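Just below sit the structures, each encoded as structure tokens.
What follows is a pair of complexes built around chain A, which joins chain B in one and chain C in the other.
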Partner chain A sequence: MAVMVGTLLSITIFILIYLVLKRKNERKLNEWREQLSGALQTAIFFENEGSTQATIPLTFKTIRGLKHPGFRQLLIDELVLGKKSLTGTAASNLVLLFNQLGLDKLSLQKLNSRRWHIKARGIQELAVMEQRQLVTRIYRLTNAHHELVRMEAQSAIVQLYGFEGLRFLDIIDTPISEWQQITLLRLLARMPGIQSEKIANWLSSGNDSVRIFALKMVAEHHLHQLHDQVIPCLHHPHPPVRMQTIRSLKEIYTETTSNPLIQVYSTQTIPCRLTILDLLGNIGSPDNGAFLSQQLADREDTLKLGAARALIQMGDVGRQYLDDFPLSGEYPWNEIFQQAKTEQTA
Partner chain B sequence: MNLTSIFSAFFEYTLWLYSIVLLSSYLLIAVFAILEIRKYLRSASFTDYSVLASSPQAPGMSILAPAYNEGATIVENVRSLLSIHYRNLELIVINDGSKDDCLQKLIDAYHLKKIDFFVKRSIPTKDVRGIYKSTNPVFHKLIVVDKVNGGKADALNVGINVSSKEYIVCIDVDCIIEQDALLKMAKPFLATTGSRVIASGGVVRIANSCEIRNGRLVKVHLSDTFLPRAQTLEYIRAFLLGRMAWSRINALLLISGAFGAFDKEIVIACGGYNHATVGEDMELVVRMRRYMEERKISYKVTYIPDPLCWTEAPSSYKILGRQRNRWTRGTIETLGMHKKMCLNPSYHTLGLLSYPYWLLFELMAPLVEFTGFICMLTAALLGYIDWSMFFALLGFILSFGILYSIFAILMEVLTYNQYNKSSDILKLVLTAILEPFIFHPFVVWSAIRGNIDLLRKKNSWGEMSRQGFAAKKTNANA
Partner chain C sequence: MKILVAEDEPILIRTIEVRLKKDGYELCLASDGQQAIDKIADFAPDMIITDIMMPYASGLEIISYTRQQPGKRTPIIILSSMGQEDVVLEAFKLGADDYITKPFSPNELSVRVRRLLTS
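So, the complex of A and B:
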């Protein structure tokens, strides 16, 4: 009982002391932040005329502050933040300051850590601060066991080497999460040098997530030249791959896309079928009218609506198919057709 | 040894065993919660949610907000929901046959027009009277459904039928949702590989006394009154400790009806929300898990500890009693509907751990406590009590409960620190000390009444009138 009450009091006192210390720490951080903003401004506007050997002048207070580990970490955080939002000379100067103060060694220490979150932080800092000399070490981690370390290493390599950095896709045996794919696509969007031959290879990868990612790149960069290599993915055994194939074809379709889609239609899942109908609507070829008209009789109402929407997109020919449909006056077709027509005029 | 002493010994040892397992489970929950929150916070520190905010690859989300007689606040609530940051979003407000001017207010405020819309019958529901969309492109994400009254579960099912996105986010329309809530909720669905994430829950916090401006929470304050404060503490304990711990071992059975995201395909495959229970939120999660277990599909139910949703807690004993009464009936009904899973190894953790835990320590705990209290009174009257032992045990159990609450406060301070004034923390500690004497007995009594009402086949939802954030703000300004 006495132990319990003692513990209770101790935790309460600990919480209160913690709050006081936290406030004190926040005040200190704000002071440091103000101090650092001066140093960062000096670095951003420093004119080094392209030299990597130049030294950015710093105040005595800043140099003295570097003795404190908290100050050094705050400086790294501010440099990383600044580097992410700046380009050109200003960004290069921040890298220069990072190297000048030997902060790269601190990030390297983190990279060497055995704790995953510290290692991942190190990778992130080194990549943003363009420490290319460590690329081999980071590259090895693109297939690391820990997911977050792996993700940070993959992002780092792409940040440092753009599309070339994606060569880890040739070797990884772990899945790339959809979240990571979105991150990589965003990084790649800012970089030139997309190589369609490489993407074509990944379209036949044994790793489904690599294949899906390649399909997303085809769509994102409108790689029409890969149309014929994308089509075989419609026969992939896994529905997510097939779904992404159809979505990607939506961005690169030609007049020949309809036939393979119609051929595989009956073997697809309902969401895949719905996406095919949507794509056929986009293609808008009158040749698909008869096929779409058949789908109006499907048992699944969602597919009826999908087919009606596709026919409406076809124009007058498609509208005629709807009007000629024998059950067009009956429920649910009357409501479905009406919705499809209203959507078109909206 | 006579029959009375055998019975007495059996009773005593069973109670001892029950108490030891219960207290041990609390300790385990605390440990698992620490590990899970630490993992989440470390991982979240690397996450740039703006990646998703701007990505065309963001999965589609439909927010489903059922509204019944919410005319007083509906326009503000919808405005708040429309301001949520998410690219691929639709907001479906379902007017569940309100008797007030809820629908008309929406029509006027958002320039709504009835449209031709075919409502799929993926899940059977009461009739839909009309679907409305705004003529103003600014509100293009908004869809308002007017339907015949059928209760919250029915309204949500209509929302599911109308929705066009892959994921549904079910909320209470009067909750305040953080602007980045959907970005955070979407992450588990996208970041998990190997298993399908079928549902994800978010932490619900108490907004009584908080500053709300234009439908957004601008400053967090701890409530000045005891009842909401006790619920604040209870929610911290339940969400930050309980649900995070269960989420770590993928054994979560409940995602709050106030804020949860679901994989629509699985929801429809399971038949949507169940009308036959007042605990439709818990029942859906249990049924979805059961569905996945029976088909042997690898799955996960995740939880996010960030405070993403703020709600107004009952501030009167009458309303609180109704709420807890309903929660008890919902739990009993849900466990009753899925009793096949209890201790059934085919359901793995769900059948061998989650279900028995809920049965023994969530459903039966109030009954055991109440029975224990009656037995203690009887024994005291008959002079059978060893008072020194009694007070020692009472002191131990009270200290344990208070200690657990204080530990929850510590976790809150170390993680999200929403109540960062020392005075607020002291008030929470005081609440933790008072809670076992005032709040807890009332909650136990409400649960007992829930059991009685269920036996008497009373299945009403119970009116849940709220003061409303807007009303409170006006009072504060006055």
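So, the complex of A and C:
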């Protein structure tokens, strides 16, 4: 009984101490936030009148607070948040304050941490606060062992240098995840300076994910001039590369695209074949009618449907192929053709 | 002129407050959507600036609520993030008058507010 009471008492005391400390901590944080809010607003609306040596005035209390590591980190967090939400002079002034207080050193220290999340945080802080002079330190991490550190470093380099920053694609031997590819494409969408010669080189990269990413850039930026360099990727041994090749060709096809597609058709996986049929439908050339008509006899119903859809996309000539198909009145062709026709009119 | 600002990012709401107060507007601040809706009737703003993604009620709900109120038509500016084009279109359908994409410049916001209030 006494042991139980003692345990309960200890737990209660522990909870009380924890709550008191937590409350004290929260109060301190709020106090710091309040203090920093003033400093940040002074920075955001600071007018330096063209001076390169401008210094943002800070209160004594803020300067004193900077001695505390927690206060400095909170300031970095607020600066990063502000920099992400603001543009123009306001954003430049936040960078000015970051530099003025030497906070880059604190962010840089994080890159030496053994913990990946601290490293990633440091990279993000340096990128958002436009610390271009530290690019070599960040660049080294674009091929880091930890995936999230690598992703953060790659995004940071692109954020700082745009398309030029993609030079890490020349050296990385690790895969770029689907998500990272989306992130990089999104960052690049807002930046000028796409260089098709560089993308052409990455189309023959030994790293499949680099090749896929290059193919995505071809599609995203409609790089018609790379059509002939994209075609050989149809013969790549890995289906994901071939699939992305077909998808990219959909954005840059010419009248010569059909032949290589038809040549490789029989060696492709079913999803790749379906995408080829879809692309042939988009191309819409009557010359492909005979090939598509042959595919109506495929054992796979999905491919029959794909071929029927492509023929319908071709217009009257394609519809004629459907009508002339010897089994058009029999199951399952009658239903497949009907579905393809209904989809077209919907 | 009275402006109601609904934004959940403290640094942004404070920046908007400082900038617009400098321009001489009377401000009412709300850090979430529900707070903003609750304040509309009492404060009777001449303009509303609202973020889209907020806790408790979104910017779209604020627009819907405002447009359902009888009386004068209050101009509404929405603050959206990049990649929220669909939501911006939805906001315009509901009756928003202008939008600013984050990140934005406080000076740009000031100009937009003035233009909308004088038009």
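Operating definition for what follows: the second predicted complex is superposed on the first by the 286 of 346 C-alpha atoms of A that agree within 3 Å, B and C clash if a C-alpha of one lies under 4 Å from a C-alpha of the other, contacts with A are read in each partner's own complex, and residues count from 1 in each chain.
The definition used in the following text is that a residue touches a chain if its C-beta (ideal position, glycine included) is under 8 Å from a C-beta of that chain, and two chains touch if they have at least 3 such contacts.
Because the structure is predicted, anything quoted here is derived from the model rather than measured.
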Chain B versus chain C as contact partner of A:243, first or second or both or neither: neither
Partner chain in contact with A:332 - chain B first, chain C second, else both or neither: first
Touching partner for A:91 - first (chain B), second (chain C), both, neither: second
Chain B versus chain C as contact partner of A:16, first or second or both or neither: first
Partner contacting more residues of chain A (chain B vs chain C): B
First (chain B), second (chain C), both or neither touched by A:302: first
Which of chain B and chain C A:186 touches, first, second, both or neither: both
Contact residues of chain A, present in both the chain B and the chain C interface: 186
Touch list for chain C against partner chain A, complex: 9-12, 14-15, 18-19, 22, 82-83, 102-108
Of chain B, residues touching chain A in the complex: 42-43, 45-46, 48, 51-52, 54-55, 57-59, 115-118, 120-121, 187, 190-194, 265, 392, 395-396, 399-400, 402-403, 406-407, 409-410, 413-414, 417, 420, 422, 425-426, 429
Chain A - residues contacting chain C, complex: 33, 37, 40-41, 44-45, 78, 81-91, 186, 190
Complex contacts: residues of chain A adjacent to chain B: 1, 4-5, 7-8, 11-12, 14-16, 18-20, 22, 116-117, 120-121, 124, 147-148, 151-152, 174-183, 185-186, 209, 216, 271, 301-302, 305, 332, 335-336, 338-339, 341-342, 346
